[in-house]
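Each in structure tokens, the structures are laid out below.
One chain, chain A, appears in both complexes that follow, with chain B as partner in the first and chain C in the second.
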Partner chain A sequence: MAASSRTVSGSLLHGRLAAARSFAIRNMVTIMFLVISALGYKLSGMTPFLFLMDIVARISRNAFLVLALIIPVMAGMGLNFSIVLGAMAAQAVVIFVTHWGFGGLPGVLLSMVLVTPLAAVLGLLTGNLFNRAKGQEMIAGLILGFFAQGIYELIFLQLVGGIIPMDNPAIVMSSGVGVRTTIDLTNGLKYGLDWPGQYWGNDLLLRPTLPWVIIGMAAALAVGIIIYQLRTDRRRRMSTAQLVITGAALAWACWWSVQQIQSRSQINWIRVPLLTWLVIAAACAGVHFFSKTKLGQDMRTVGQDRHVAAVAGIDVDRVRIIAIILSMVMAAWGHIIFLQNIGTFSTYGSHEQVGLYSAAALLIGGATVARATIGHGILGTVLFHTLFIVAPAAGRQLFGDAQIGEYFRVFVAYGIIGVTLAMHAWKQVLQRRSAAQ
Partner chain B sequence: MAVEPILRMKGISKSYYGTKVLDSINLSIMPGEVHGIVGENGAGKSTLMNILFGMSVIHSTGGFEGSIEIAGQPVEIKSPLQAMSLGIGMVHQEFMLLPNYSVAENIKLNREVLKPNFISRIFGPKLQSLDYDQMYADSRKALERLNIGIDEYALIAGLPVGHMQFTEIARELDKQNLRILVFDEPTAVLGESEADHLLQAIKEIAASGIAVLFITHRLNEIIEVCDNITVLRDGRHVTTKAKQDTNVIELAELMVGRSMSFATRQRQSSHQGRPIMEIKNLSVDMPGERVRGVNLTVYEGEILGIGGLAGQGKIGIANGIMGLFPTSGEVKVSGASLELNNPSASIAAGLAFMSEDRRGVGLLLDSSIELNIASGAMFGTGRFVKTWGPFSQVDQAAIRENAEKYIADLDIRCTGPKQHVRQLSGGNQQKVCIARALTMNPKILLVSEPTRGIDVGAKQLVLDTLRRLNAELGMTIVVTSSELAELRSICTRIAIITDGRVAGILRPDDSDVNFGLLMAGQPIDKGA
Partner chain C sequence: MRVKSAFKDMDIARLIIAAFFVFLCIAAVALRLNISELISSSLTQMGMWGVLVLAMLPAIVSGTGPNFGVSLGIVCGLLGGLTALELAYRMEGVVAFPPGALFLVAILFSLPFALLVGIGYGWLLNRVKGSEMMIATYVGFSIVSIMKLAWVFLPFKNPEMAWPIGRGVRVQIALANRGLAQILNNFLAFRIGDVVVPTGLLLAVALAAFLMWLFLRSQTGMAMATAGSNPRFAEASGIVVDHQRIIGTVLSTVLGAVGILVYSQSYGFLQLYEAPMFMPFVAVAAILIGGASVKKATITHVIIGTVLFLGIQVVAVPVANAFTADWSSMGEISRKIIQNGVILYALTQAGGE
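Then we have the complex of A and B:
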């Protein structure tokens, strides 16, 4: 009796240790970036005010794009680098909407409506291509991006102003043919979603301060969790440990915010583009809702095993195409959000990094080529852009040259993708090898 | 009252890449009938069932000839979806389960219970929400019909194979319009008691009016549950017999087309060598097959059998030693302590393992037979690899020679060593697994269920090969098997595992009574 209880507790302990170890290994990338970001922040000597101001802006700008990558991962198609096409479509539409003279919130909404069918068609074509290159979607997506770049350049350098008439000196080059290399949205779409009031001359509309937004988000999360706990079957509820940790984190965030408000610190100057954040929250809720629908379940089924899905009667190719269409449309919307926040863009370059940077952010958040969640997307956006913010200052502190920090973050963005893809390939080799034994 | 057959297959022929694998097969079965199909590995049983289920392998390789009628109506079955809507269910020879889904999600695969929501009313039924509570409840009901204690919330990954099998069966039972149910070797992964359980379930399913097609290599199961039996040989229909007109011996002879001898040689207890592996207080946390403190010594050059009822832990021992499940205790190989929970350490110590879970896993399906056979040895011990300084090269000739030897020894039915493993029948894939383990030429070979899914004729070949390797190379072999007769025919000693511990060690020629007592957990009265 005693002996058996000893071995049971022994194996329990062993299980705990193994679980902790495998947790650390699985989340190695995220943990590493947490450490690097924290160090970088310390080194940069930035004030919390400056840092938070920047990170709020960058979350508003990029989070939606990162979310666009989650659905294809669910469907087992890996990181969808073809979202670059969605970004190109967004730029094309924004150019025309600007030409027609729309601006502010109406301009942003019009762009989103117009880009939807265009992105859907591009998604349909891309999805069909991916179905012919099953298992090679990531490479196919990258190459497709280069190919589309050629067509995009042809249209906007040669055809616009020529075959496609456009008489607008602010957009078309002085020769009369071809679109200028940079487009200024200052009196157009700029801040259309972020500060919609500006367009109508009312600057304070929808501009709550950061502490209040944090309190609001914490409250919303708490209510959401309580409803989930009450409405879900006992077996699928959150565990007590999870509840305690989440509760503590939320309580701390509220406490910190209240302190900021009471101390009237600079933090209260930071204003959150509420509408944009609501749109991002809606996207999170949408992706979450979608994953619990029949179509979402089909995608996860296809993502796990195409053969089993087909034998169960699922139209695998169709499901995969829908995944790419959804991703493409989301990417196009995300890029419009990005552009209205930046307020100016380079016609032939702004879309280029979209796929790579979004993928890097998602991976840093702990996603893999086979599994990505909303949490990964949000956490990754925060960590990746923290690095962007602190790297130049940290570089200056360390090497006396901000440029080195700049190099570092570009290096990191590409490096992380390269390493993740290599690790993915390596894992497959390992699995094969262990299968062989 | 003349009832019409629910299913009639007429003149079914099928070729794969020019080789005829089915030649005008006729088959008809009545509602509520259990119809057995037997035949050697590669006889064409699975192919026939794949045709019935509209599997894409059939249609992507040129379709088939012949006609199918369901309840008197001619039908063309082009896809599994269509087969399902006609009321055909199939438990495939390889698992059709998704490891990251719960048991319930697998049972309800593509038949999820849905409830409309605001969004789906606008955008269509594909956006309806999953009704998890109902899915779990339905799954519970299907599992209860099988009378089996599987947790519908558990993830498939990590379940014992037997439970996976019952999950698949529960999935079929959950289909409301089911009229014909195909079982392609469902008992191959089950222990004896689980198999009995399944046979009971089959009888009940048939009693509810569903026609059952049942494929197995365990002929006594066929005799136990089937009403009629069809025998296939090399893709041809040999005969169809009613159960009362035949018996196991006759079926076996009809399958292989020659008369067979069932004399099982009993092995002489040879001398005992030095201890080669000492197991002390081994506990393995394998779900469904927990080991709770096993002490056992394996002697050099022996064939040690590990037997016992399903769920008692016999399967867990080898899995634990190989580091595949959380393990504690102590294992010494040739006197040196083995690092537990580390598969590479076990391989480095000269152990090789052929898992009981062989269906679909472990083989590189899109590689050749010869490469599959050699792969274990190549990765594990560097055999077949020639090194020239920094360069290494694979020794093709040696790989070929080795593959040809095992193809002959184990009678692997194939077009040649270069054929892809995917194109082999299930049983022949298993023979490739065995050949791979044997090629590793380990100090100690751990084999679990070596003859599962292998036809009666080839079984003997597999056992003979094990015996020969033991005699000629002095390889120490530990065989885990739920078939006692098999253990008694090749082992020097047999350890019976009950409740996760060694209940006793017997000689192959000990009385049936003693084996029975140990399996039931009763101590043997030594004085008797």
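Then we have the complex of A and C:
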């Protein structure tokens, strides 16, 4: 508030400085992580090749899951920690699809189709639960995740092979009851979406190399910006300075990529799972257009103030349930993408950290409990997983122990959520107090 | 009379759990399990967790809700324990601490940490009214995970605590070397038939519960309860609600610190790193099973909850095992379902904002 009033009265330069300062304050978390990630990268002593290969894989693996968190934030329900249930549903379906012997792209698509009703039902139940615990959705979601873990273990450790018949030595434990603790998806769903052609013997289908993807993305972005500039009214257009900076960044990215292609460097070995990235792009577009629909607008209204929304004739409880169903289904799909990329998973553990890591990634991208955008999700995924890649290596370089880097990154995940939650709750208390006065 | 009113608080969820416990006990008798061993280990488990469950009481009474962040207190207790062991090592040849004195020293060392941390934590909780449970959970998670780094870097020299190679303290630190293991359990312990009664342990829990009972009847205790149950009224009658909430949080943190030391001596090891992470949820679930809500709790809830929840945990495993060998993980599964089911139930009963 003080900054903006000074902008009006002060000189142009002063205004710019104040604007830069308020930008820095608003994006403090993201900027801090940019610095930490850059420092960590320097300290880790990793080659660009190793780093880029890992980050490409991790973006493909996790971005969709992070996007699943955005819709409940819109509806004012905070970070939806119950997406762990969606991940469990995904694993349940993947276990059965693997048992039935499906693989490749058809197997992944079949899993996605099969998991949808299951996740929707879980979302419906979770949404109803959240409506009975309004204001405590996040803790309820977290505890629900632990509770569901118990049910999941009951089903897959005790019932499968016994009450639920399944005789497949690759999946069921040697005792005949209970699913093995790790499931190998090799020759099954592994890379089903990432290497779609593999199933038909064409390994390189839809797997362009990284430099070409960067050039393509830069071109697409440039076209997008030009269209945006032409179609929006003058006031909301990007400023000249912004255009110059963006243009320079895109040009540099293209120049770097062309260099890599010409010098036939290692970077050309990195192949991007284009189909997965297109699916992620489709999810971004889906969330974006959903927020423009009537239902999306209702959701925003509910998110801002439930009472106002109710007075305006919106069925608040129904809108909240829909938000959770959408989030849950997206989480289930996202976890299938995760599993097909990683190729082998721990039956009783792979889903546990989904809520934690996705929430931390979203927040590091600059989101808050009350506001999250697609941009926050994507940027956060990149930054958080950069930290994930470099922290152990940096820990080994600094202290001779990778474990220390590991402890650090887990602390960061919990700490960032704790701090963001506390700041948000504090702001709410202050708002309530000023409203009361 | 008091017991009767406590049972009145027990709604359907608690009755189901109580019925389940009775069923387990009947099953245990019917299956001819070793009943005296089950009773002994139930008594020990109840004593181990008693103080930690009690730590929930001042938090709920002062209005901050069940203390999902009691891991802060737990960490302070562990820090006190490590410091005491380090002191014993550094003073070797100068003073030889008898185990009992060393246990008291551990508690004494943990108190300043718990006091300071409790004040800061209470200050934070005052700023996030309405979201205490979620914030507390993540503050707990954050502290436990940053303490993992601390356990690596703190300058402890005692070789009993250090890894033979590498840096930092061990994941588990044996207390037997200094005679601290089961020091309370064995105090005045006696047998009835084959049942071992850990008298000292139960006495310690009873003493803590009695002191808490006294405190809640003191003027400060009454003020704290008023601040918790009706903050507007309390404010109007001149009670500073925020101060009372801080007192409640400090008490809870201190009890968490003492509680983990009581727990650890019985377990025989100080458990560091990942161990404190999920302990708060057990304590929260126990007091809720006893009939407390996120807004209201009494000593009776603590006692009933501790007996029921830990009783179930002890009896469930061998009963499940007796059915078939494949049901071996049933104890852990039933714990997860009951523990988190009860917390969820209590959250929905709070009725939101």
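We adopt the following convention: the second predicted complex is superposed on the first by the 392 of 437 C-alpha atoms of A that agree within 3 Å, B and C clash if a C-alpha of one lies under 4 Å from a C-alpha of the other, contacts with A are read in each partner's own complex, and residues count from 1 in each chain.
By definition in this document, a residue touches a chain if its C-beta (ideal position, glycine included) is under 8 Å from a C-beta of that chain, and two chains touch if they have at least 3 such contacts.
Everything numeric here is computed off the predicted structure, so don't read it as measured data.
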{"item": "Which superposed partner A:M28 touches (first chain B, second chain C, both, neither)", "value": "neither"}
{"item": "Contacts of A:I151 with chain B and chain C, given as first, second, both or neither", "value": "second"}
{"item": "Which superposed partner A:G135 touches (first chain B, second chain C, both, neither)", "value": "second"}
{"item": "Partner chain in contact with A:A282 - chain B first, chain C second, else both or neither", "value": "neither"}
{"item": "Touched partner set for A:I404, first chain B, second chain C, both or neither", "value": "second"}
{"item": "First (chain B), second (chain C), both or neither touched by A:V311", "value": "first"}
{"item": "First, second, both or neither for A:G418, with chain B first and chain C second", "value": "second"}
{"item": "Intersection of chain A interface sets (partners chain B, chain C)", "value": "none"}
{"item": "Interface residues, chain A side, partner chain B - complex", "value": "3-4, 7-8, 10-11, 14-15, 18, 233, 235-236, 289-290, 292-295, 297-298, 300-301, 304-305, 308-314, 432-437"}
{"item": "Of chain B, residues touching chain A in the complex", "value": "55-56, 79-81, 84, 92, 96-101, 105, 109-110, 112, 114, 119-120, 125-130, 132-133, 136, 153, 281, 283, 285, 292-293, 326-329, 341, 343, 347, 352-353, 361-364, 375-376, 378-380, 436"}
{"item": "Residues of chain C defined as touching chain A within the complex", "value": "68, 124, 127-131, 133-135, 137-139, 141-142, 145-146, 148-149, 152, 166-167, 281, 325-327, 329-330, 332-337, 339-341, 343-344, 347-348, 350-353"}
{"item": "Chain C-touching residues of chain A, taken from the complex the two chains share", "value": "129, 132-136, 138-140, 142-144, 146-147, 149-151, 153-154, 157-158, 162, 175, 177-178, 399, 401, 403-404, 407-408, 410-411, 414-415, 417-418, 421-422, 424-426, 428-429"}
